[in-house]
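Handing you this structure, nothing more for now.
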Amino acid sequence: MALKTKHPIGILGATGMVGQRFIQLLENHPWFEVAWLAASDRSSGKLYGEAAKWRLDTPLPERIARMTVQPADPAGAPKIIFAALDAAFARELEPAFANAGCAVVSNSSAYRMAPNVPLVIPEINAEHLHLIEEQPSRAESGGYMVTNPNCSTIGLVMALKPIEARFGIEKIFVTTMQAVSGAGYPGVPSMDILGNVVPYIGSEEEKMEAETLKLLGKLNVHVVTPLDAKISAQCNRVAVEDGHT
Amino acid sequence: MALKTKHPIGILGATGMVGQRFIQLLENHPWFEVAWLAASDRSSGKLYGEAAKWRLDTPLPERIARMTVQPADPAGAPKIIFAALDAAFARELEPAFANAGCAVVSNSSAYRMAPNVPLVIPEINAEHLHLIEEQPSRAESGGYMVTNPNCSTIGLVMALKPIEARFGIEKIFVTTMQAVSGAGYPGVPSMDILGNVVPYIGSEEEKMEAETLKLLGKLNVHVVTPLDAKISAQCNRVAVEDGHT
Amino acid sequence: MALKTKHPIGILGATGMVGQRFIQLLENHPWFEVAWLAASDRSSGKLYGEAAKWRLDTPLPERIARMTVQPADPAGAPKIIFAALDAAFARELEPAFANAGCAVVSNSSAYRMAPNVPLVIPEINAEHLHLIEEQPSRAESGGYMVTNPNCSTIGLVMALKPIEARFGIEKIFVTTMQAVSGAGYPGVPSMDILGNVVPYIGSEEEKMEAETLKLLGKLNVHVVTPLDAKISAQCNRVAVEDGHT
Amino acid sequence: MALKTKHPIGILGATGMVGQRFIQLLENHPWFEVAWLAASDRSSGKLYGEAAKWRLDTPLPERIARMTVQPADPAGAPKIIFAALDAAFARELEPAFANAGCAVVSNSSAYRMAPNVPLVIPEINAEHLHLIEEQPSRAESGGYMVTNPNCSTIGLVMALKPIEARFGIEKIFVTTMQAVSGAGYPGVPSMDILGNVVPYIGSEEEKMEAETLKLLGKLNVHVVTPLDAKISAQCNRVAVEDGHT
């Protein structure tokens, strides 16, 4: 169902790989319209088409290319923000936008495990969204933060949820084989991955273990109690362009 | 320690990938000397250098290249046979050589799980070799069969054995990422593996599960009782030339 | 411009990689409708969905999956045939269909260099289609054969034509780096191409050289005189899934 | 022939990929002994084993690991220097070492095309070494510079030289397919090369063209006159770990 008047949205970290993917996926979206693009000082003030090195298969939309990149500041930003920041920047900027009254939907790992921030896969645990009410900014400015999980975690939890619901789960062993695109650009050096499997992705295993238990946890009014199960994740990088296994 | 007089040995299936590897590894061996090469009717009667398409990095030894490939028949074969046959041929030929008095050391899966055939990793379960005495050919002609495990199983059991010895093992979960060389030549089509992980290797998971339990099993005079543990293996093919993970 | 009544067409060699590509590209075509699928004795009589192992990214159209594969015989075939046969089969079957009154558009190399068969890239040498009139079948049954060039040749000639038209060409040196998909399935063994460049593609260089000169040749009423230039092609296979360079 | 007393040599840029390769190749060399290792300020003062991230297949020799990395200064350096510097650093440092009396054998492109610096493949144009006498440092301190060609150029000129000697050469067309190792580490991002051919290597084509003509040139007492031929090079990066085609 398309809306008569679309919601204007902003993208924080618009020039990076994840920001580009947001732009690609939101083009012609029935509900949302990209109205504001922000990035680091190196890019702000330039036209997006000049500031970003577009790396996706589909062409950069003309309208986006001609938008001016804004500084990463809540002043002038729309009320809905899709955040595509590195964790270090996200740690500082996402609360600033929430405090200024924005709904911040974050792709970063910075606040996924914060007790009052929902970590959500809509099909799995939409009820965790009530955690928003525990965020101080919600009462003060109406703003709040919501996060989505690590890419590998999403596929895992989609498969585990019906098993957990029907039988319960005591132990989880998971091994991933992940594409190089997940490491961003330039990311994995080709000398490391050609003819090789890299059996380590920095902090990916910790994320996968912690996030899975939170996603499968129960909401108890003010807090999510993680699933009481043992979990062990082994994450490997393989010579595949796109798509995780 | 080198022997003054080396044992002459024969290779069954000498022209295939495994047979070539036997030739490569036995060149200049201190105990064994390759004295007899046998292969299918298509190759027998030809010089080895003409019959085999040598695919290894090291050069084919001149002496081997000039040897005539023999038919796969025990008549005229040495007393020690390294067998590098496809399972279908092994099922028929290996007992024939054992019955004719040969010690058959097999790289095939055909008889690995037979109750009276030892499946051996020398560092792990050399005592299983006593199973040889349970083979009828042993009394009749002196001949017998010994097998080695699937390639992926070897690395796994080398790691599990000390854990089992010290703590015992109840459950085993294992995921492999295996190189294309394990599938022989021509093996995996490049269209299947470039930019991909193939999450299935025919009957590899079954072999890995059954062989691991037999290798970690206890010899009780006439029989090996497999380890009483649950095991689940997932075997994947990845775009790597050589070496399993 | 879409036609009110589409032309029914048939595909010879419908189950192979090229046949599948024809089906994919002709789905929803404004002029043509796939009405007849033929393949070897191994497949004929079965439903297409059972006979063909579909390997393309887009789904096999339901309507096609339920069509019965016909024997490769002109009886009952439509008047327009897209032929996707190996050269050996094409040599025999394509003239049979032309003699039976069909317009045979061939993707095979079998008759590309025949003096009375047009080898055509529409943007380059559409006038060569007059060669059809030199084919005996044209007068007898109305049927005829038309061929398209080797895949690598097309890109080359598209680039050379304007240069030839404006300046003339005396010598051509061309080097290709071709994807594994061009070798069909199973095609190139992964052990040959991972971490490698294969500097030889059987008969590809000869095709590229001969076809380029014919495509750039002049039609002189009954015959095409090839371009009078020297040409040298080097064709390499590289570890790329799709797309030639 | 091994020397009784080996020549002590130094390596400039010892921690990089080329420097590591020098160490690997000079280990157990019959004439030379690595006696001095220098690198940038970031590494100097540390033990080599701590300063360098060793990336080669063979182990880092223990003796080398325990050597202290020196600053890149001629004071204290041996009389023979193998230089493995980026061109920008080479431009400054190589003449400084030559002026200080060292024989500098350079792997960098900085001075390959300088009129008084020999660019040499020993099998091809050893007589070009007389250019050393044209360097002012030669008379002043005894020091001088010698360079070797771009990696791709070496294979090309080895093939061209006998043709040039026997028939002469008027035109050269060359296309390369080069491994990712040639770009150093981290070098080519895996997202750029997996499933791809990159038809551009920065300034590689210019080097290959100019260096080939100089290598095949004639020494006329004080100067080398480059070969009078037309040359066109196209350099491509392919998904191969090691080795150029």
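Order as written gives the chain letters A, B, C and D; numbering starts at 1 within each chain.
The rule is short, and it goes like this: a residue touches a chain if its C-beta (ideal position, glycine included) is under 8 Å from a C-beta of that chain, and two chains touch if they have at least 3 such contacts.
Quick caveat: nothing in here was measured; it's all calculated off a predicted structure.
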item	value
Contact-graph distance - origin chain A, target chain C	1
Of A-D and A-B, whichever chain pair has more C-beta contact pairs	A-D
Separation of mean Cα positions, chain D and chain A [Å, integer]	46
Distance between chain centroids, defined by C-alpha means - chain A, chain B (Å)	48
Sites on chain A at which at least two other chains make contact	194-195, 239-241
Complex interface listing, chain C residues touching chain D	173, 175, 177, 195-197, 199, 234, 236, 238-242, 245
Touch list for chain D against partner chain A, complex	55, 180-181, 185-195, 239-241
Touch list for chain C against partner chain A, complex	194-195
